[in-house]
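Both of the next two complexes hold subunit A, though its partner changes from subunit B to subunit C.
Moving on, here comes the complex of A and B:
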C-alpha cells in the first residue's frame, strides 16, 4: 500500500480525468447556479446581482409551495414504500429457487426503460377516454375516477397515481440492492439461527435486517435524492397540472427557467433542491445508524 | 512492469481524450449558432421553428406551411435550404427559449404578438424587418399598416403577421336543431341555450382548462363584457377589486356547469376533438381551429356554425407572426423565406384551405374556402372592433399566465371570485405597477 501511495505521478494521472470531469460537469455548474440564484438573469442578457430577492420571492410563490409539498410527499412515499416493498421482494426472491430470475427480471425491467415512454404509456392508461376508465365504464361505473385530473384533497389523486407508477418503476432497483446485500450474508448464520429454533420471519428480523442496514441507508438515500429530483414521469403524465396541482420542484424549476426565462429564479429553486438533497441524505445517515458486522 | 505502466498511461490518455471530445462543441450542426451556419455544397441551410409536427399534423394551416417550405426549397435549390424544427404547441416556447439561451436561435421562428414577442424583441433576439419589408413593395402587399401594430416596437417592425384569426363560438347546428336551442345574443340567452342543450342530453360546452389559456379566453370575453380596462389596471388607475372581475368569475363558475366532465385536465387538442367528434355542442376557440377541425373530420364542416361570443361588441383577434433571428448568418435567405409565407400562393391557401383570414390584399375564391371562414368574416364585419387575448395583453408573459391560472383556480373551486380579484390586484401591485 505504501509503495502504491509513493507513486504520486500515477495517482495524479489516474485521478486527473475524474477530477476534470467532476469540475467541468458538476462543480462549475453548481457554483454558477448558486451565483445565478442571487441574480436576475434572463439568459440572453448579463446577470444582474439582486441579493436574496429570488429567495424572498420563493416564499410568496404559491406554486413553489405546492411543488415543495408534492416533492416532500414523493420523498416520504418513495422512501417508505420502496423500503418495505423492496425488502419484501428481496426477502421472498432470495428464499425461492423456482422462477427467481424470471421474477427478478420482471420487477427490475421498468427501471431500465425510458421514463418518458413509460410516462406516456401510463398517461394513456389513465386517460378518461382510454385504458382503465373504458374497462370501468363497461363494468357499469358511469363516472369513473379522473385519475390524472382530479383536483380535490391535500394530496390530489394524480399525485397518488404518479407515486404508485414511480413505485412500480423503481422498486426493482431497491430490490436488487437488498438482494445483493442479503446474498452476501454468510449462510452459516442463518443455519445457526434455524438450529436455535428461529422461524424464517424471526431470522429475517434478527439476522438479515441488522446485517443489511448499511444498504438500507444507501437505498433510502438514493430513493430520497431520486424522488426530490423527480421530473420525467410527472412531466409526461400531467405536466404539473391541472393548475399546478402536481407540480414538483424540478418541474417548477423547468417552467420558470424555460417558459418565463427566469434563470436566476430557477437557479434559486435548484439551490433549494440541492440543499434539500444534502439535508435529507444527512438525516437518513443519522437516523439509520449502521454498525459493521462480519458477514 | 514498465509495459504495464505504458499501457496504463495510454489508457488514461485515451480516457482523457474521449472526455474532452465529449465536452467539445459539435461543429457544423444545422442548428449551430443561430442556425444557418451549415454550408453543404454551397447551399446555405436555414432553420425555421414551428409549433406543430409537419409530418404528423392534419391541421390544414400547418400543412400549408409545409407546402410553403417545400416550395421555397424547390425554388432556391442549390442556394438555400430550410430545415424545420418542430414541436408541439405546449412545449414550443420552452424549446425555443432553450435554443435561444444556448445561442442556437433558429433563423426564423413563429411567435404570438404581445408579451411573448416582447420577450424576444427587448433582449435583441428578434431582428427588425423594416429594411426587407420596404424592399420591392413587400409591405404594400399587406391589407394595411395596421396589421403590423402588434409587431411594432419604437417604430420598427419585428415580426411579419401571416394570418388573422378571431375567437368565436363554434356550434354543432345539428345538435342545436335537435335540442331546439337558439343561437344566443346575450349572456342570459347563452346560459338558457346551454340549459336547453343539457336537458336534451348533450354536453353543452367543450373547453380545456388543462391548457389554461383556452379557459382564460372565455374569461377575457367576460372581462370585455364587464368593461374591464387593462391599461388602467396596469397603471394603477383602476383596481381588480372594483367588483368587475368578481362578476366575471361568478359568470365563469355558472358557465362551468355546462362544461364536459374532463375539462379540468383536457388539453386544447382533446377539447377541440370533443367538438368535431360531436361529443359537445359548443366550442369557444380561435378561428385557427377551422383548419384543425376540417383536416381531422372533413364531414363536420357542413354541421359547424359560428356565432359571436354573446354580450360583447368586439372580438378577440390574433395573428401568427414570424420573427427573424438577429444573429442569423443568412438574413437575406431568412427574409426571403418569411416573404414566401405572405405571397399570393400562401395567402390564398390560408383562406381557401386553412380557413384563416389573409393579411395581404390577395383575392381568394370564397366559394371554395371553408364555410366557417364565411361565418367568421360575418362576425368580424358585425363587430365594432378587435382586442387581443387577455393573457397576451398584460404587461408580461408571466402576468398573463398568472391570470390564466387564477381563472382556472376559480373554475376548479380553489379560489372564490373575491379571492381571485384580490389575488390579481396583489399580483399587479407587486409586479406590474411602478
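Moving on, here comes the complex of A and C:
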C-alpha cells in the first residue's frame, strides 16, 4: 500500500489539474497585477514601466481618499456591528423554547440571496419618491430625507444606509457561527455555573463569551475581508455616487479600470486592497488571541 | 438517569403552559426583527403586480388585479430568461469541475505520501485571502487576447479556480478523517488508487461534497463583478448582470423592474424554503472550517 501511495505518477495526476489552474488563473495574474501597478497601461498599448507614479497619483487622488475612508468606515462598522448584533441574536435564539429554526432561517435568508438583487431592492426602498418616503409622507412628514442622494457630513448618510443594509444582509452568517459555537459548549458547564449561583446574564458573560472567543476571530476575519471586497450592494444602490461620496476601493477600481481603462492605475488600487486584506487578517488573528479551552 | 428522564417532559410541559415575561420579550424582539426581513421582500412582491400609476397613488394597498404582464415583459425584454439559463450552465459546470479537481488535489494532499504535501496546502490556502478584484485586470486582458472574453467558458474557468481553495481545504479535512484500515483493506482486495479515491473516499465524504458544492454554487450564482467585466454580450450575461443592466436609472417603468428583481430571487427563495435547514447548516459548517 505504501508503494501505491508514494507512486509519483498518481500523485501528479491528482495534483496537476488544480495546480495548473491555480497557478495560471490566480497566482500569475497576481504577480502581473503587481507589475502593472508600476506601469502606465491604458489597454491599447503595451505596459510601460513608470515606477511609483501610480502610487503617487493615488495619494493626490481625492476620490481614492474618499474610497479609502469609506472602506475603512465599512470595515470597522461591519466588524463591530456584526459582532454585537450577531451575538445578541445568537444569545436570544439559544434562549427561546420553540420556533428557533424558523427565526434562524428567516434571518439567514438574505445571506443566500443575490446581493445585486437585494441592492436594487433597497435602492428602490430608499429612493426619493418610493418606499420609506411614501410611508413617511403618509405619516405626515413633509420633507422626508433624501437618503441615498444626501451628500452632507464626513461619513455621508448614504454610507450609513448602505452599511445598515449590509448588516441586515450578512448578520445571519455571524449569528449562525456564534450559535454553532454556543451549542458546542458542554451543558454541564452551564449547569455548574447555575448551581454556583450565576444568573443567565452572568453565565453568558463568564462562561459563554470566553468559550466562543476563537469563533469571534473567525467571524471577524470573514466580516473584515468581506467588507473590504464589498462591491455588489454599493454598485447597485448608488454606483459610488452622488459625486463619488459613496465610493469604496472596489467600486473605484472598477470605475478606473473598466470605465476609463486606466489598467495600471486600477492595478495599484488592487494592490492596496490586497495588502489591506492581508494586514487585516493578520491583525485580527493577533489581537483576538485564540486560547483553547477544554470543552 | 431515570429521574432526569421523567423530569424533562414535566418541565417542558410546565413551560408550555405559561411563558415567562422574559420569554415574551424575546419573542417580541425576534418577531420585530423578522418583520424587517420579510416586509421589504413582500413589498417588492406586492408592487411587482401593480401598474406604474398604482405605485404612486396607492403604494401600500394590494394590487387591483393580478396580471403577469410585468413578469413576462421583464423575462423577455430584460433577457432574464437567457440569463437564468446562462447562470445555471456556468454555475453547474464550475461546481462539477471544481468539485472533481478540488477533491482530487485534496486527496493528493491528505492521503498520498510525498514531501511537498504541506507546502501545496499552504499554496492553495493563500488563494482564500486574495480578493477577486486584484486579478481582474490581468485576467481580463489575457482572456481578451485568447478570445475567451464574452464566452461562458471564460466565466467558468475563473469561477472554478476561485472555488478551488475552499474545496481543497474542506475536503482535505474529510479525507484525513477516513480510517487507514479501510484504505489498506481495499488495497489488499486489489483496488488501484483511483478506485480507492472514487469508490471509497468520495462516497465517505458526501457531507464534505455537499458543503463545498453548496458554498461554491451559492457564491458563483450571486457573483456580479467578474461577470460584469467579462461579458458584454446580452445573450451571454448571467442573472446578476442582466438584472443590474435592466434595473437602472434609464428605465422608468418601476413595476417591471420590481418584477425583474422578483424573478431573479424567487428560484433561490423556493430552493431555500424547501431545504433551509440543510442549507443553513451546510453553509455554516463551511464557514466554520474556512
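Convention: the second predicted complex is superposed on the first by the 271 of 295 C-alpha atoms of A that agree within 3 Å, B and C clash if a C-alpha of one lies under 4 Å from a C-alpha of the other, contacts with A are read in each partner's own complex, and residues count from 1 in each chain.
Methods note: contacts are C-beta pairs under 8 Å (C-beta built on N, C-alpha and C of every residue); 3 or more make two chains touch, one makes a residue touch a chain.
Nothing here was measured: the structure is a model prediction, and the numbers come from that model.
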{"item": "Touching partner for A:259 - first (subunit B), second (subunit C), both, neither", "value": "first"}
{"item": "Partner chain in contact with A:68 - subunit B first, subunit C second, else both or neither", "value": "neither"}
{"item": "First, second, both or neither for A:244, with subunit B first and subunit C second", "value": "first"}
{"item": "First (subunit B), second (subunit C), both or neither touched by A:44", "value": "first"}
{"item": "Touching partner for A:14 - first (subunit B), second (subunit C), both, neither", "value": "both"}
{"item": "Broader residue contact with subunit A after superposition on the shared chain, subunit B or subunit C", "value": "C"}
{"item": "Touching partner for A:157 - first (subunit B), second (subunit C), both, neither", "value": "neither"}
{"item": "Which of subunit B and subunit C A:234 touches, first, second, both or neither", "value": "neither"}
{"item": "Touching partner for A:148 - first (subunit B), second (subunit C), both, neither", "value": "first"}
{"item": "On subunit A, positions contacted by subunit B and by subunit C", "value": "10, 13-14, 17, 21, 25, 43, 254, 258, 263"}
{"item": "Residue numbers on subunit A that touch subunit C, as the complex places them", "value": "1-2, 4-8, 10-11, 13-15, 17-19, 21-22, 25-26, 28-30, 32-33, 36, 43, 89, 92-93, 95-97, 101, 103-118, 120-122, 124-125, 129-131, 134-135, 138, 168, 173, 176-177, 180, 215, 218, 222, 225, 228-229, 231-232, 235-236, 249-250, 253-254, 257-258, 263, 266-267, 270-271, 273-274, 277-278, 281"}
{"item": "Touching residues (chain side subunit C, partner subunit A) in the complex", "value": "15-16, 19, 23, 26-27, 29-30, 33-34, 36-38, 40-41, 43-44, 55-56, 59-60, 101-102, 104-105, 107-109, 111-114, 120, 123-124, 127, 129-142, 157-158, 160-162, 164, 168, 183-184, 187-188, 192-194, 197, 218, 221-222, 224-225, 229, 239-240, 243-244, 247, 254, 257-258, 261, 264-265, 268-269, 272, 276-277, 279-280, 283-285, 287-288, 290"}
{"item": "List of subunit A residues in touch with subunit B within their complex", "value": "10, 13-14, 16-17, 20-21, 24-25, 42-45, 128, 143, 146, 148-151, 238-239, 241-244, 254-255, 258-263"}
{"item": "Residue ranges of subunit B in contact with subunit A within the complex", "value": "5, 8-9, 12, 15-16, 19, 23, 90, 93-95, 97-98, 100-101, 119, 123-125, 209-210, 212, 261-262, 264-266, 397-398, 401, 405, 408-409, 412, 414"}
